[in-house]
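Sending over a structure as structure tokens; questions will come in a sec.
Chain lettering (A, B, C and D) follows the sequence in which the chains are written, and residue indices restart at 1 in each chain.
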Amino acid sequence: MPVNEELRVLKTLSYDATHYSLFVQAGSIGALTRPGHFAMLQAGDGLRPYLRRAFSIADVTTVAGVPALEFVVKVVGVGTAALAHFAEGTPLPVLGPLGVPFPIDDLGRDDRVALVAGGIGLAPLVLLSRVLAARGVTAELFYGGRNEKDVLKRADFERFLGAHRCAYATDDGSLGRKGLVTELLQRELSAGKTYKRLYACGPVPLFRALARIADEADLETSFALESEMACGFGVCLGCVVPARDGRFATVCKEGPCLPHTAIDWSRV
Amino acid sequence: MPVNEELRVLKTLSYDATHYSLFVQAGSIGALTRPGHFAMLQAGDGLRPYLRRAFSIADVTTVAGVPALEFVVKVVGVGTAALAHFAEGTPLPVLGPLGVPFPIDDLGRDDRVALVAGGIGLAPLVLLSRVLAARGVTAELFYGGRNEKDVLKRADFERFLGAHRCAYATDDGSLGRKGLVTELLQRELSAGKTYKRLYACGPVPLFRALARIADEADLETSFALESEMACGFGVCLGCVVPARDGRFATVCKEGPCLPHTAIDWSRV
Amino acid sequence: MSVDLAVRLGPLALRNPIATASGTFGYGLEFEGYVDLGGLGAISVKGLSRRPCHGNPPPRICEVDAGMLNAIGLQNIGIDTFLGERLPLLHAKGATVIANIWGDTEDEYVEVLERIGDDARVAAIELNVSCPNVVKGGMVFGNDPVALAALVKRCRVATKLPLVVKLSPNSGDIVAAARAAVDSGADILSLINTLVGLAIDLERREPKIGFTTGGLSGPAIRPIALRMVWEVRRALPNVPLFGMGGIETVENVLEFLVAGATAVQVGTANFRDPFVSGRLVKELAAWCDRHGVDRVADLVGTLKTRPRPEHTFAKA
Amino acid sequence: MSVDLAVRLGPLALRNPIATASGTFGYGLEFEGYVDLGGLGAISVKGLSRRPCHGNPPPRICEVDAGMLNAIGLQNIGIDTFLGERLPLLHAKGATVIANIWGDTEDEYVEVLERIGDDARVAAIELNVSCPNVVKGGMVFGNDPVALAALVKRCRVATKLPLVVKLSPNSGDIVAAARAAVDSGADILSLINTLVGLAIDLERREPKIGFTTGGLSGPAIRPIALRMVWEVRRALPNVPLFGMGGIETVENVLEFLVAGATAVQVGTANFRDPFVSGRLVKELAAWCDRHGVDRVADLVGTLKTRPRPEHTFAKA
């Protein structure tokens, strides 16, 4: 059962003009959080933004000893801009953890999985990396962005997974391979590597490409989807994606983590 | 010509839970301000509050050497609540000085005038007191509130005018006379005292009572009126009061300082 | 002092005037843990049709200033699943359930009513004749008093349950629609549904909503909703009304009561704050207590208005 | 790159599409020092009547969420004072002046038009047939296409100047009103005027506005206004439109253009920020420059919409 709590802002860590990490008290949400969960944050009590905004719980960690939730945020509009500016101590209404997390219970020491992030899609993969590493699962990260600045929290990923298991791709070649992140993955698959599951988060074109790759390679997947959300807990029916069975599935309740086979990509 | 400027908040001085002084940079507004002028302040760039709010320029002063405008504010709703919480350095859009100030040019050393304040109506009388004092005009203050906490900036008034020229009345007798501020004035008039002009600011019932007194005693007046304002510079026609000539007069442009004889009290 | 919060809307008695609005409260059960379902005045569930409906392709929602647009397209689990799986649970929680229903044709409305029959676990039927977000789906009834009258007449015959008709604010003359519904047998009116709006994604030069337009809800529409409640109350003082549109605070609730609504429905605010409806019940009691109001029903329709002045001209 | 901001609305050529809305910009001169009056696309002045009008008793305005209500009641200096004292000054500043006019009867409209004659300092006439804030005063024309058609026909005969008709959003069918106006001789349509709203002072249980209801303006109405512009554009693609309702930013301006307005009018935003109209002219040029748009007119009506899907049902 998700909880609604007023959690105080602990700190904000700015990466560049449009990316930052927001740390808030973990409250009772922290202990309930599994990789892939998200939360709905109310950015101020004004009318702009009006609705809460959805963010992956990027990590459950501590800030100066205080249990904390970390959100990694990209500024794209009024809500993400407002959240960047709350002073330490400001109470933020947070509803979470929400949604269906990444399936990981079946993984053990002998398993290898792939994590693919596009841009801000890194967010849900941070906690996933931490948890998989703790379990001894071998996880390889393929992380793409427009340029080096777009690729966040490398130190964390490399600490959790080992630097040799982290591969990067950028549009301008400023970090890692110049090109698409899917090319990194494709290269491994072509070399005969297999993965028990592919976890991914990023923009729709990335998901589309990965779905194609997964179909060809017969890979099991779990995609952390995004969509515009009003409620985050399954009542507004605003956040849906077309499902293979003809229905529309709620991203907030049936997702956000769904196998690519659940989705009708022709209608996305 | 009023100016619109982004003026930085210098400090906020809280008197109690519902009253505070807000000091902002004087900009070029300070030098243009005469007693009775007001300004329109935008409290934040959100939608709540949406429109600017009108406040008397209570004083033109300095804060730690920086030329400043002082506003004395009573919290009554969303705008006055928001203005209380801006951090030092926040830029506030301020349009001012606006309106017709108190007529004082004809006053000199031999003149005696009365100043009557009800509640937050003290605001425009602060600068008026300072200026009259500087000119050597004898000004007597009659200031009423619900209780002692409602009576603000006594030290300033007593410094400008002399403590013996400041009389107070409160509903509960916690400061000065228990009763109405009009009774203080009435007592002086009954004792035969005369005033060249009566300056007043307060709630409508006070104005009404003062208008009656002024008619009886044949007193010249200048009332600093209030009314809900959208623009503050004469274009929305939202702020009007019924005028004696059958028209509706704009408080923001024809006022806020108007003789009581300009107003049709039967239609107020 | 103990405040009497009970209100009566014709045949429908509610323990308090705080209900939740269709489409914004799911089937109620989603709010367990946030709200005491049995403590609300009523719950109007997501609009039900005779068969499960998939709704519109996304994007279905977007935020606008002081509100949102939606074009969900009436996605719902269908009347049978509702009656079989959700209603028993809602009933067990002590919830007062309003079945909000819709159809593409008169027959479809009647079919839903027949499936409900006189199930006593349903406290009232609410006919949605005003959804702007489907190509068919009731909107035609909402915008045409003649079609509306015909539909309500057939529904009136098809059910003995209290009949609420939910009106569209898009039709221009809300009083005409109200009259048509009441004359045809509606016991209660709900107003308002959403106003048709458009928001544009400038970079793509496309509507933000896949259906092009969407229904505007939230604080933005509150003044319009209040005006319509007041207008209908003035024209039809004996018809009980559910008022809704942008209700967020207890003051908003009271404004609607004072304007003439006997009860209110809380909509979009449930998304922003899932606790709001339950909290409003408590805050309403506290407000009445503070203001010396013994019975909340005494507040209904107490707005004092003055005759409207004609503008006058300067003498020539 | 130098962007061509000029637009043409039938017989009315404007140097750019940013005009100011009647009742929110006074007689223009009040904005000297804030805005270069000659640099605006046009200025629609406060609604003029044949005699100076006192308007409604206060309170006339109140703030609501994301906007305001007003019931000014059309207070104005009268057509004669306007022509004698304000128009010459406006003209000297190089302003493109739209005379917004109103009357209680057809005759009164015509009388105002006759006083204006074919004064070339007036670029266009804008008939306000949609003010919700007076007991008579035009609203009747706005809500009844037949009355509207009759009025516009008489006005069409009474003036040779470009004729703009400003429509009411309260009538339910904005397209019917648009058609009636255009078929009767309107060159241009303005939409929208304010929506009728109510706000309540809870402690007094009285309307916050002395006239009871007031017209809702500001960001709250933007989605409704955009939708109406789009609807009228789609139905009458050759009729030039002024779009307005809650415009604050250059993005808002562009949304209206993309939806189908050839030019816009900025209203309530002038109160919050007296500089806004002048700034929008500059920002529009900058936006076009950044986006590689040579002629702003090319953006008008470029909204790409898809056919609306019908909702589908689960198989039985």
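The working rule: contacts are C-beta pairs under 8 Å (C-beta built on N, C-alpha and C of every residue); 3 or more make two chains touch, one makes a residue touch a chain.
Bear in mind the structure is a predicted one, so any value in this text is a computation, not a measurement.
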Chain whose mean Cα position lies farthest from chain C: B
Distance from the mean Cα position of chain B to that of chain A, given in whole angstrom: 56
Inter-chain centre distance, chain A versus chain D - centres from mean C-alpha coordinates, in Å: 46
Centre-of-Cα separation between chain D and chain C, whole angstrom: 32
Residues of chain B touching at least two other chains: 47-48, 246-247
Shared interface positions of chain D, touching two or more other chains: 54-55, 57, 65-67, 75, 219, 312, 314
Pairwise touch network: line, ring, star, complete, or other: complete
Complex contact set, residues of chain B against chain A: 44, 46-48
Residues on chain C engaged by chain B in the complex (per definition of touch): 65-66, 312, 314
Residue ranges of chain C touching chain A (in the complex, touch as defined): 23-26, 30-31, 33-34, 46, 54-55, 57-63, 65-68, 70, 72, 75, 218-219, 268, 270-275
Contact set on chain C toward chain D in their complex: 49, 51-57, 64-67, 69, 73-75, 78, 134-137, 143, 170-173, 195-200, 202, 204-207, 210-214, 216, 219-224, 226-227, 230, 246, 251, 254-255, 258-259, 302-306, 308-314, 316
In the complex, chain A residues that touch chain C: 1-2, 4, 42, 47-52, 93, 95, 227-231, 233-242, 246-248, 267
